[in-house]
Structure formats: structure tokens, C-alpha cells
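Consider the two complexes below, in which chain A is the common component and chain B and chain C are the respective partners.
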Partner chain A sequence: MKKQLVIVLLLFVLSLSVVVSAQEVPVLGGTFRYGTTVNPRGMFNPILYTETYDGYVIDVVYDGLIEIDANLQPQPKVAKAWEVSEDGLEITFYLHEGIRFHDGVELTAEDVAYTYMTILHPDYTGVRFGTFNMLVGAQEYKDGTQATVPGIEIIDDYTIKFSTNRPHAPLLSSFGYGILPAHLLAHIPVGELETAEFNLHPIGSGPFKFVEFLTDQHVTFEANEEYFFGRPNIDTLVYQKVSQDTIPIFLQQNRIDFIEISPDQFLQVSDLGHIDTYIYEALSYSYIAFNLRQERFDDVAVRQAITYGFDRQLYVDLIREGFGIVANAPMPTASWAYTSEGIDPYHYDPKKAAEMLSEAGWTPGSDGILQKDGERLEFEFLVPDGSRLTEQMALLFQQNMEDIGIKVNLMFMEFSAAVDRVDAREFDTFTMSWSLAVDPDPYSIWHSTSLWNDPGFYNEASDRLIEQGRLETDLEKRKEIYADWQRVINYELPSMFLNYGVAIGAINERVKGIDADPGPYGPLVGRQLLWKIWLAD
Partner chain B sequence: MWRYIIRRIFLQGIPVLLGFTFLLYLIITVAPGSPVTHLRGVPDLDTAVIAQREAQLGIDQPFLIQYGRWLGQILRLDLGLSFDSARRPVIDLIGERMPATIILSLSSIILGWGIGIPVGILSARYQYSVFDYIITFFAFVGISIPSFFFGLVLLYMFALTWNVLPAGGFFMAGEPHTFVGYIRYLLLPVLTLGLGSIASVARYMRSSLLEVLNEDYLRTARAKGLRENIVVYKHALRNALLPILTLMGFMLPTIFSGAVIVENIFTWPGLGSLAIQALNERNYPVIMGINLMFAVLIFLGSIIADVSYAFADPRIRYE
Partner chain C sequence: MKQISQSKKIWRRFCRNKLAILGLVILIFFVLVSVFAPFLTNYDPNRSNLRNRNLPPSGDHLFGTDDMGRDIFARTLYGGRISLSVGLVSVGISLSIGVVLGAVAGFFGGMFDTVIMRIADVFYSFPFMILAITISSIFGPSIYNTMIILGILSWPSSARLLRAEFLKLKNTDFALAATTIGANPSRVMFRHILPNAISPLLVSATLGVASAILSEAGLSFLGLGVPPPAPSWGNMLNRARPLHILASMPWMWLPPGIAIFVIVLSINFVGDGLRDAFDPRQVMNE
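What follows is the complex of A and B.
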């Protein structure tokens, strides 16, 4: 009896301790090391940077009007709320009062206006004008015919209104750019902003204060004690550079707490006892582009047959070791606009491929290669080198094509040289991949007038849907438009889509407060969770 | 002597450097690929923005004008601004990384020569002994193993398996810079980089000394009753060192280029990753800056080697 009581008591104590540890009260302090394989360049200015890793620094030093959450939807940040007018032409942001830059000066609508006006300035050297050129008066201001931008209007210290010439659905999610301190920069001519000392010693209103940038070693930050949204739990944040080869050892030696790893490192890293790995769908896809300016590729049957003839599932399973999802349209599964409804999966079917080619008039020649009107179905496949996965994919593609009577000549080329050929449109087919922005708007890559429409794709329905998608501000209706658009592309196949990207995050188990069911931005939601995580040791 | 050095610099060095930079600039501008490739995929980008960028960088101009502008900057001791988005001065980019590369290269030179020369001497002194065979064997192994492979093996053993040395990098943020710390971080990369030079210096030293040992004047020295140690270390060695000095001048660039690979494996914050990145991105000013600097260093190295002949060999005088 007594013994039983002891056991019951013991169980009670045990369950109590479980409850206590499950509560997980954040611990203050400690240093979190975020691993990166490429070092930043030192352009820590939100409106001028173009390199991803400069963006990492900017993410924690600055705050934008909004931030993008794990579901890719805009959420309030510096702006506590916003209002979109009935006609979709005006967005009014209401700012929090009392947000301060790291030097103690308050952030107001003045700073927001400065940040966005600079992007539109005639002397601006960055690349973001196109994102905001639909603001009223933006083009006139850029051309120098007008001295102000009526589309950016300061209502009072904490209210700012942006108005556009036409509704532009992707605009809202573009307001995440870090807000610059006008009082430190407004005196610098916009043309000289690029070489300003400020860019190396950034001051923003974000959760971390910039401390030190040591070339090819690390960038260090300290917690912003006065952060408007609450002090970060960790004291120090470090972006630590790691060579690709030594990532697993750095993780093992606890020299980094988090890093994104590649599929071929997954096994080695998941063997480390104290490291957790998270696999999540990324906003990217890879493809093989056809040059539609060539007659043979202008025939949709040929493009579909080639797609049927390539065992993309084998490529994902075998070469990518399962890290990837076979793609059939250029809209990643991670995007809210993704649909599988009415999408042809083009399962591997060499017989069907051969039949389709035969119906399209291609007959085997004496050497077994298909030909039509004296032209052999033989083409060059441009493959940027440097990635083992891509090179193996190219070999598999070549082999699969040979099986259906198509001769593929592989052309491995250094990336920049390959881009040269693509830009000059001197290619038959090539493979590359796209990383996409938060908003699913496919205009920049797939509209017939766009710079990055490398295949030379023109389709009336596609162009119309892309344009509609930009004008429609209702999320559900926009989803419908993009679903229709995916079905058009899925049929037309201006490129063969290979796979949607899958990313892997490796994180030390001592790190708490992460997103354990990560969306496309991973367990730290980009770098947004860095100010909320804590270290359990 | 000074007249000789000045003549070497002005009559030989400057024309050679001019020709070198001209050729290099020609090659990198003719090669496919463009410095604005990184703009690929920027949403809603206008061709006008790309053109504007090209004009800012000056790459819209013909080759001769581009080179002329670059040369004009160099004459004003200005290496220009990097082409990447941060537009930092090239001199800063190189200056920040130079110390790490110099520490690594110098340490491995000291290691290579400090061990290679005595080992080579002993190997020649006791030719065909067991010691000689062992050294010969390891020298060939050392020359044959590629440094990236040797580096990974070292990492696997010392960092992953035994966990006694850091897996590369330099001091962690907040870590105090101590002497022991320097040794710990330097050890593996220096060993990796130094291994090849230990081996080749030892081989060169051995054969050079063996050649001298068969000379008539050493037979004379032995004939007059000198002890073998005095014959070797006093009479032969000084003569045998002459070709090794030339070798030093030649090996300097090899050490630097080897450092590029080793730096990459060990996350060493030297010039290596900058050089590779600049090449991939067609960052002309950075490629030119790094190469110019190496060219000057190699040129100075060859002058130093020639001048040091005069000290080693009393028959050589520069007038």
C-alpha cells in the first residue's frame, strides 16, 4: 500500500516535471551562429543590395512596413495596419508610434517616404524602379519632368499613402524593404548613395544592431535592447562563413547552430545526434527551356513528346535522392497560387512520346534518329557546369531522348558564359532554375514582353491571364486566374519543368522557438524568428 | 648593385607588367560572360537599367578605352571600384584579405623550406641509406597528393574523428586572439599547403647537393684530408644552395595559387575566395587588381632571388 503511494507520488512528480519543461520559458542570452557558405559584400542598404547574403544582414538590422509570414502573406510590422481603397488604387499605411532607429531617432512617415522616393529618383543606381513604376507620377519623376511623386503622400507623421495608376496586386508584398533613416542619408546625393560609408555600417530600426563585418569570416550583431517589439532573446547573432566541404564538421563542433544544407549532405548531417533537420518546399523550380523561335520546338506536340519521354520521377528519386517534387507548371507547391487541378502530370511514357512524334510527322532515318523534311531531330543542350545533380540529370536526359530517337548533344559551360548564350538567344535548349519572389506574379518570366522570357513564349491566353492576375486584388479570384494560367502553361510547355526545389535546414537542438513545421522560408522563417528564438543551455 | 636593381625594375619590370596587364584585360573582356549577369532574374527589370549599369561600369566602351581608363587609374595608384553591387574600392577588398593569405603562405614557405632543406641535405649526405629511401618515398607521396585531397584527409582525422582542431575558419566572433589560437587555426591549412613544398624542396636539395658532391674541388678537399662533415657542410652546401635560391623565386607563385584552393577548403579568409568569385562574376577591376599584385610580387621575388645569388656566390657581381 505504502509502496503504491510512493509510485503514485513519483508518477505525479514526474508528470509535473514534464509539464514544467513543456512550458519552455524563453531563456535570455547566448550567441546564435547562423552559417552561410557565401559572405556578404558589404552593401547593407535595403534599396541598393542585390546579393542574397547582403539581404541577410538587412533582414535583421532593418524593419519594413510589412513582413511576409510563413504562409507568404503580408503581416504588419512598422505599419500596425493598412487600408486598401475600394478601387484597389490606394494603400494607406498606419505606422506604430515610438519606433526608434538604433541611434535613438524616431522613425516616421518621413523616413518611409525617403526610402521609396529614392528608388524612383532619376540618379538612383539600384534595380528596384520597375517594382514601383506604377505609382502615380513615378515615371515623370524618374524622367525628371516632375519634381515630386504625387503617388507617395505623407498624411501625418504616422500615416503615409501610396497611390497607383492602376490596381497592382503584387505591390503590397513589395513594401517589405527596410526603412532607411532619412536623417542620416537625405543629405547625400542619390547618385553617390552607392558608395556611402553608411552601407557598411547600417543603422535601422530592426531587432539587431550591426556590430562588425569581418570579410570572409563573420558578421556580428548585438540585441537591440530598445527594440519596439521586444528585446531579442539572444544577446549576440553571428553570420558565420563556412566552406561547403566543412559544413558537417562545423555543425558537429557546434561552431554553427543553423545552416541550409544540400541533399548530398543530408545523410551525414542527420547522423549527428544533436542536429535536427527540417525539409521544406522552396519557392523555386528548375526547367529545360526550348527555343521556341526554332520551327521544330514551335510544335507543341514535340515539346509534349519530349516531356513524356523524360523520366523526371527517376531523376528526382535517383539523382536528387528524393529531394524535389516533379514539376508540371512554373508555380511551386509552396506558393498559395499552386494548383494540381487539371494539371497533366506527363508521367514517363516513351511509347506515347514516340507515337506523338510519329503523328507529328517525324520518322526514323537510316541512323535511327527521327527526321522530318530532311531535318534531323538533333539539338544542343546547354548545361551550366558546377552542379553534380544538373550534370547527371543532363546525362539521363540524353539517354532517355536517345531511346525515342532524338539526339541530344550536351554542352557543358561555365555559368556566366551560358547566360551569355541564353541572352543572345543562341541556344536550342538549356537548363537552369528560377528562385521566385513571394508574390506568384509570373509576369517577369512568362509575359511575352518580358526580359527573362528566354524561350520566346507568346500565347494570347497566357498574356491575358498574367495581366488579369496583376489587376485582381481579391486573393481568391487571383488564385483562380493563376490556376487557369498554370493549365495553359501545363499544356503549352514552353519549357519542360523538372522539379520544384526542396530545401533542408539543419539546426542545433539547443535552439528553441523555431517553426517546427516550416513553410517555404524554413524553420527560422527566413530570418524573422531570430529575435524570438532562445538557446536552451 | 643598386644600378642593377633599378635597371631591372624600369627596363624590364615595367614593360613586362604593361604587356601582362594589357593581355590579361584583353582576355577577360573577350571571354564570354558579362559583369552584369547577376542582374538576371531581377523582377520588372528594364533593359534601360542594364544599359545604365553597363555605362556606369564603363563596360559599354571598346576594349582599348576600358584598358586605357584602368591604366590611368593605376598610374594614380587607384585600383578602382569593384563591379559588384557593393562598389567597394578594390584596394580595400584586397587589403582586408591580404594579411590572411600572407600569414598562410609565409608559414607554409617556412615550413616547406625549414624542413625540406635539412631533410634534402641528410638524404644526399647518406645517399642510398634506409633514411634516404624513406625520404624519397615520402617525397614522392607528398608531391603526388593533390592538396585539396590531403586537406580533406586532415580535416577528416583532426577535426571530424578526433575533434582536436577547428574545421577551418579563423577566430570565431568573440574569441580572443591568442598565439595558441593562431597555431590551432593555422596548423591544418599550413600542413596542407606546406606538404608539397617540403617534398619538392627536399628532392631539389638532395639532387643539387649530390651533383656538387661529385665535383673535382670536393675530391681535392677530401684528398687533403678534410673530414667528410666539413667537406659537405662547408664546401659543398654553399654551392648546392644556388639552384635552390632560383627555385624559391619560382615557387612563390605556386604557393600563392595553392593557397587559393586550400583557403577554400579551410574557410580561410584570404584572397582565394575573392579571386574565384571575381572570375565567376567577371569582376574586371578585382581580377586585374589581384593579378597585378601577384605579378608585382613574383617579379620582386625573382629580383630578390637574383640579388641573393651575389651573396651566395662571390663570383657573381652585378654592375
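What follows is the complex of A and C.
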């Protein structure tokens, strides 16, 4: 709790200390280098990608109908305005005229329809159907019993209407997906879209044109001179791959202008002088997922015992040096739906953990490892490498588990290799984190039918609450539903939640035009401000 | 004149080489210290204590603690066990493959020779470290994989060495005599010829241990050798990689660094000493 206070104070002091400089005239030109520690996978398709780092590329190459601003509110982008019908079942978007894709072809309602129709297509291989399954006729189209989707209606070239067959609270904020150029993709069968060459050479209508992607080196973009909302101030944007250990050197030598640093680098980086740091609560959480398809993890007592047996407070306080808040449910403090009421904090209690395990029938074997019916409580823990803090967390977890008689075998793996294993469900446990969308709707991650439900969690109450939450348009009632849902998850613990993200953005002081009082998306509002920033000499 | 056995002669020659003796003493010291590690420290090398992280050397922690609060003195001692055993086992593996294949190639010649030596050439033509990294990332890092990889990748040098010895020795009188009285080939190879080819093999094995220790350190440094939490000198160096540790916490990387340096150097001294001692030409100088 104290640490939390310290962070809040820090946030406050920092926001005071960064005085917004008087109106300066933007300078054109220059190269902005955005540091990342993980490679994208090369799926630069807004409706098919699943990794955050592919999303980085998509963010600047494509524009969506709307975008979510720093205060988490939807703002017009490709759509200059929208209209929601009184019963909340219909949204009509009015598009700007004259927006062009990077190849010069104009973006129309046809492209918007193509983008969303593809998500609903029977052969669609991505994971986003659940986000739009409430559109009128979507399910029938998906099942192949209907050839069109009445819920997506092109009124004219610049007007498109979406209608739903039931109220759907998160609907508006789901229209941020980058709009795909139909004229380049419509001829490819939807089932083969996953392997299309296009995904590696994306063409959108966004502020930057994709130039090249070299694994372990960089992704390069050039300014879209014809960008509808005005040419970006910088000429070139580079996502520079940096290894975690060399971040401070890269910052010091001005080889990157911005990067999210890890807590153990905070002091060192703040000492650099020409680098400003911003601390903000992010819409993210990290977790250790259990594979609930395995009998041992199917027992809630085992999951709770493991959680009691892991000193997460120590992890946050010492390994993360206080940057983070221990999480007990998958709803970050930065979200309006967060609640702490009725949430069991699972304070570190190895004795209780041991008791729970012995009540669940696990008894120590000759080697001290717990056993039940001849099966040892021993499992593999998949840890993506690249982050020192995650590695330290894994070592602490291993040791804490050993103390209560559980043997954990660490398996360090390159991030995308780890993702492949998780996708194939070939894991016992793994750790990763989720960056969340602005709407708290947990459907795509936690509903039993969702493809992102990696642990394989199924709980009737949880499913019902998630469905209710989508239907409820009254904010207060919705909040109640999600509070109930958090309590269900908090008891069931399909994953052990580690911490809510507190991020630190480090940015070179030559970068102007940033959000000096950052919300959950940081000083560049995700990557939205990249086309507005400029570089002072 | 008193008759002195061959091995005593060699030992005497070895003793005259001061560097070799120094190397041997240091080597024995390291082996003893690793073997008796549990008696020299009360700390569990894998046991972290986050409340004591990054402590400089003190009475409690002779070499300080690392970023997980583990005692570096203990980790250096136990790391020695792993580094030394990886060195010995991998050389053992490479020797057993190399001896058999080299002996067969040299003794039988012909097709055997051609095939085995071409395979050896193939192994030689790959850059060692890159191949090791590739194999290790396919099979996953573990102590045993490291031993096996290092062993399998380094057999060609002992095979070549032994083949050359066999080519030379198989036509000597004693080998021909053994064959003539009807000893079967494997008896001739391993009972008669091999003991006479042992000295160059011993030298190369000794030096092989040193290079295996270095390779293990390299692989572990890259995170592909001995996986955490078990300590090895290489992965201790790996953990000390971040800039602020390099710059301001030398106790994290000096002990494993010095240990690797000293042990590789002393093994090389011993190897050189052995080579000189075995060399019959040295006799002339006596």
C-alpha cells in the first residue's frame, strides 16, 4: 500500500515538474526511433494480428473509424461523426471524403464493410468474431446459412450503418480496427488471408507508410505525405529493436528517442539528464496461467494454494521496486470497472498453502515433492525471455513453490516460440501479460468460447456475467456486473494474477508535442501522437 | 644404473616444468574446493533472499550477493562443480566417440577411413559456436544437453589424432606380431596399439577440458547452456550483464570471471607440461 502511495506521489510530482512549454512551432523532418525489446511476428493485419508488437506497426499504418484518446474516450478518425439510434441498437458512421490509402485509392464505406465482413466470414481464421457476433445476421453468416450480413449496411460511399440484435455496451469502442483496402484483398479467399503477402507489406490509410521489417533490427516507416489529417512532422519512424540490457546506453547515445523501461533501470535512466521519464498506470496486468485442461490444475484448491504460496508483494516491492500493484483479478486499477470490494487479496501464506494442498489430497513423497495417486506435483513453467524482471519473478516463484513442496521446472523461451506453444496449448503454466482494450468487456479473453482463453477456463457464472455485461448499457449497473465477475474470477483463479502494470516511459527531451500528463496509454498515447510530435534540435 | 619406469620419467620431466606444477596445484585446489563446497559455505547457492540483494562483499557474504540475493561465494563454488563436470563429461563423450572412430579409421583404412574422415570434415566445417547455439535452442538448454552438445561437436579432433597414431602404429612389429598369432582386430586395436597412442590423446583431452569449460561459459552466457537457477560460471556472468551491474557491482562478475580465467589458464599449463613430458625428444636434453 505504501508503495502505491509513493507512486501516486511520484506521478503527481512528475506531472508538476514537467511544465508544458509555451506554444512552439513544430519543426519538420528528422527520424524518430521508438525502442522495443520484442520482435513483431510479421502479421501486420489489423483483424488477424494477436501480438502487441504487431499492433505497434498496425497502429501507425492503418486508421480506424474511431480512435481512443488519452482519457479513454472514442474520438472521430476515419469517421468524422457517428450517430447512435435511440434504442442503442444502430450506429451510423459518416466517413471523411477524400481519405486515400497509401497506394492512392480512396477509402470508402466499401472498405469498411470489407474489413468487418471478413471478421464475420465462415473461413475467418482470426480471433475477433466474438467482438461482433451481436451484429444482425452475423451468426447466420458465420454458420453459412445466410449469404449477407443485414447488420452491416452501406448507405452510400461515405456512410455505413451497423445494427445489432441486442444492446451491446462495448460496441462503439470496438470500431477502432484499422480499415483494410478491399481493392487489394477482396480477391483473396478469406481462409487464405492468414498467409497473404499483404500481411508483411501492409497498406493502410494511416500517417506512416510501411517500408521494411528486419527481424531483430527494426521496422521502418516513412511519413505519408498525403495523409488526410496532415503530414506527420517527422520524416521517418523507426521501431528499433533493443536488448533489455542495452536500453540505458541506447538512450544515453540518442540511438532511441522513446522506450518503456523496466523499474530496475529507472534510477539509472533518470540520471541521464536529457531523458525525461513518465510513470503511468497502464491498462495491463501480468499473470501466470494454469492449463486447466490438466486434472491437477482443474482443482480450485490447488490454484488457490499456489497463489497463497507465492509472495507476490515481495515480487512487486523488491523485484519491480514498487512499480506495480499486486493484482487479484484481471481488471486493472486504471479501468473504471476495477473494484477491490470483496476481492480476496491472497496474502502470502505458505502455511495455509501447504494445508490446502494436504486437504486436497497431496502428500509429500520421499523426495519432499507432493504427490497424489502416484502423480508428482511438478510442472513446467514457460517463461518468455527478454525481461530480467520476469526472469527474477520466475526464480522467486520456483523457490516459493519448492517451499510448499511443488517442483517447478523453468523453461525460458523466445517470446514468439512461447506464444506458439501457448497457442498449441502445449504448456503446464506460463507467464505473460495482457494489454487491454479501453472497454472492460472481458469476453475475448475469459469467455469459455473465446480463442484467447488460453487457460481453458469454463465457469457458468463467469460466462453469464460476461454476457450480461455486454448487454447492459447503464454504466453503474455494468460496473456492478463486472464487480461480481471479478469476485468470481478472484475465487476461481483460472490464472494467478501477478500485478497491474505501472509503466515507465523514457523519452528524449528533444521530442516535442507529447502528452506531458499521460493517461494509461503513456506520453505518446499509445502510438497516436507519433504523427504530431516533432524533434527540436 | 637404476632402472626407472617410463611413467616415472615422465613425471620427473613434468615436475621440472614450474608452470605445469603451478597449474596442477591450482587445478587440484579448484577440484577440492568444488567437491567440498558444502563444507566451505553454509549458503544454498540456489536460495534467493530478495531482502539481501546486491550486497557488496562482507563478513556474512564473502563475495557479496547477486540480484536475487544469493551468496556469490557459494555460487562460485557450486558453479565450479558444474563447469568442471561439464568439461570432464563432454571430453569423456568426445573421447569415447573419437577413440572408437579414430581407431577404426586408422586401423582398417579404406572405406572406413574415407567415410569416417569425411564425416569428421563435415563436423569441422561448421562454425562450432553457431552449431552449438542452434542445437541448444532446438533441444532446449539443460546441463546434460550442454555436455552432449559439446562432446558430440568436438569428437573429430581426437578421432583425427588417433587415426594418425594408428596409421603409424599398425605396421609396427608388435602390432604385426599380435595379428600374426591370431589376435582379433579389436584386441590388437585396443590392447596393443591404443596404450601406445595414449600420450597425445591425454594431452589433447586435457586441453579439451579447458576449451569445453570456455564453451560452456559461452553457451551459458548466451542463456543456452546451464539453465537457472543452477549456477555455472557462464550464467553467473550472464546475470551480471546489465550496465549498472557492470559499472558499479564488480563483485557479481569478478569471481566467476576470474575463476574461468584461472582454471582455463592452469589447465593449459598442465596440458603443455604433459606434452613436453611425453615428448621423447625431451630425453635428449636431459
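Note that in this section the second predicted complex is superposed on the first by the 313 of 537 C-alpha atoms of A that agree within 3 Å, B and C clash if a C-alpha of one lies under 4 Å from a C-alpha of the other, contacts with A are read in each partner's own complex, and residues count from 1 in each chain.
Assume contacts are C-beta pairs under 8 Å (C-beta built on N, C-alpha and C of every residue); 3 or more make two chains touch, one makes a residue touch a chain.
Not measured: the values here are computed from a predicted model.
Peer 1: So, does A:T31 touch the first partner chain B, the second partner chain C, both, or neither?
Peer 2: first
Peer 1: Looking only at chain A, is it chain B or chain C that touches more of its residues?
Peer 2: B
Peer 1: Can A:S358 be said to touch chain B (first), chain C (second), both, or neither?
Peer 2: Neither partner.
Peer 1: Quick one: is A:Y49 in contact with chain B, with chain C, with both, or with neither? Answer first, second, both or neither.
Peer 2: Only chain B; A:Y49 stays clear of chain C.
Peer 1: For A:I249, using the defined touch cut-off, is the partner it touches chain B, chain C, both, or neither? Pick first, second, both or neither.
Peer 2: After superposition on chain A, A:I249 lies in contact with both partners, chain B and chain C.
Peer 1: Mind working out whether A:L318 is in touch with chain B, chain C, both or neither, as first, second, both or neither?
Peer 2: The answer is second: A:L318 touches chain C but not chain B.
Peer 1: With both complexes superposed on chain A, which partner does A:T215 reach: first (chain B), second (chain C), both or neither?
Peer 2: In the superposition, A:T215 contacts chain B only.
Peer 1: When the two structures are overlaid on chain A, which partner does A:D385 contact: first (chain B), second (chain C), both, or neither?
Peer 2: A:D385 contacts chain C only, not chain B.
Peer 1: Once the shared chain is lined up, is A:Q468 touching chain B (first), chain C (second), both, or neither of them?
Peer 2: A:Q468 sits against neither chain B nor chain C.
Peer 1: Should A:Q398 be classified as contacting the first partner (chain B), the second (chain C), both, or neither?
Peer 2: second
Peer 1: If I apply the document's touch criterion, which positions on chain A are contacted by chain B in one structure and by chain C in the other?
Peer 2: Common interface on chain A, chain B vs chain C: 245-246, 248-249, 414.
Peer 1: Hey, which residues of chain C end up touching chain A in the complex?
Peer 2: Chain C reaches chain A through residues 46-48, 50-51, 53, 67-68, 137, 140-141, 223, 227-229, 241-244.
Peer 1: Applying the document's contact rule, which stretches of chain A touch chain C when the two form their complex?
Peer 2: So the residues of chain A in touch with chain C come to 244-246, 248-249, 264-265, 268, 314, 318-319, 385, 388, 391-392, 395-396, 398-399, 410-412, 414.
Peer 1: Along chain A, where are the residues that touch chain B in the complex?
Peer 2: Chain A residues touching chain B: 31, 33, 39, 41-43, 48-51, 54, 125, 127, 129-131, 133, 194-195, 199-200, 212, 214-218, 220, 236, 238, 240-243, 245-246, 248-250, 252-253, 255, 414-417, 419-421, 423, 434-435, 437, 443-445, 451-452.
Peer 1: Hey, which residues of chain B end up touching chain A in the complex?
Peer 2: By the definition above, chain B touches chain A via 31-34, 37-47, 49, 52-53, 56, 81, 84-88, 93, 96-97, 100, 152, 155, 159-160, 163, 166-174, 264-267, 269-270, 273-274, 280-282.
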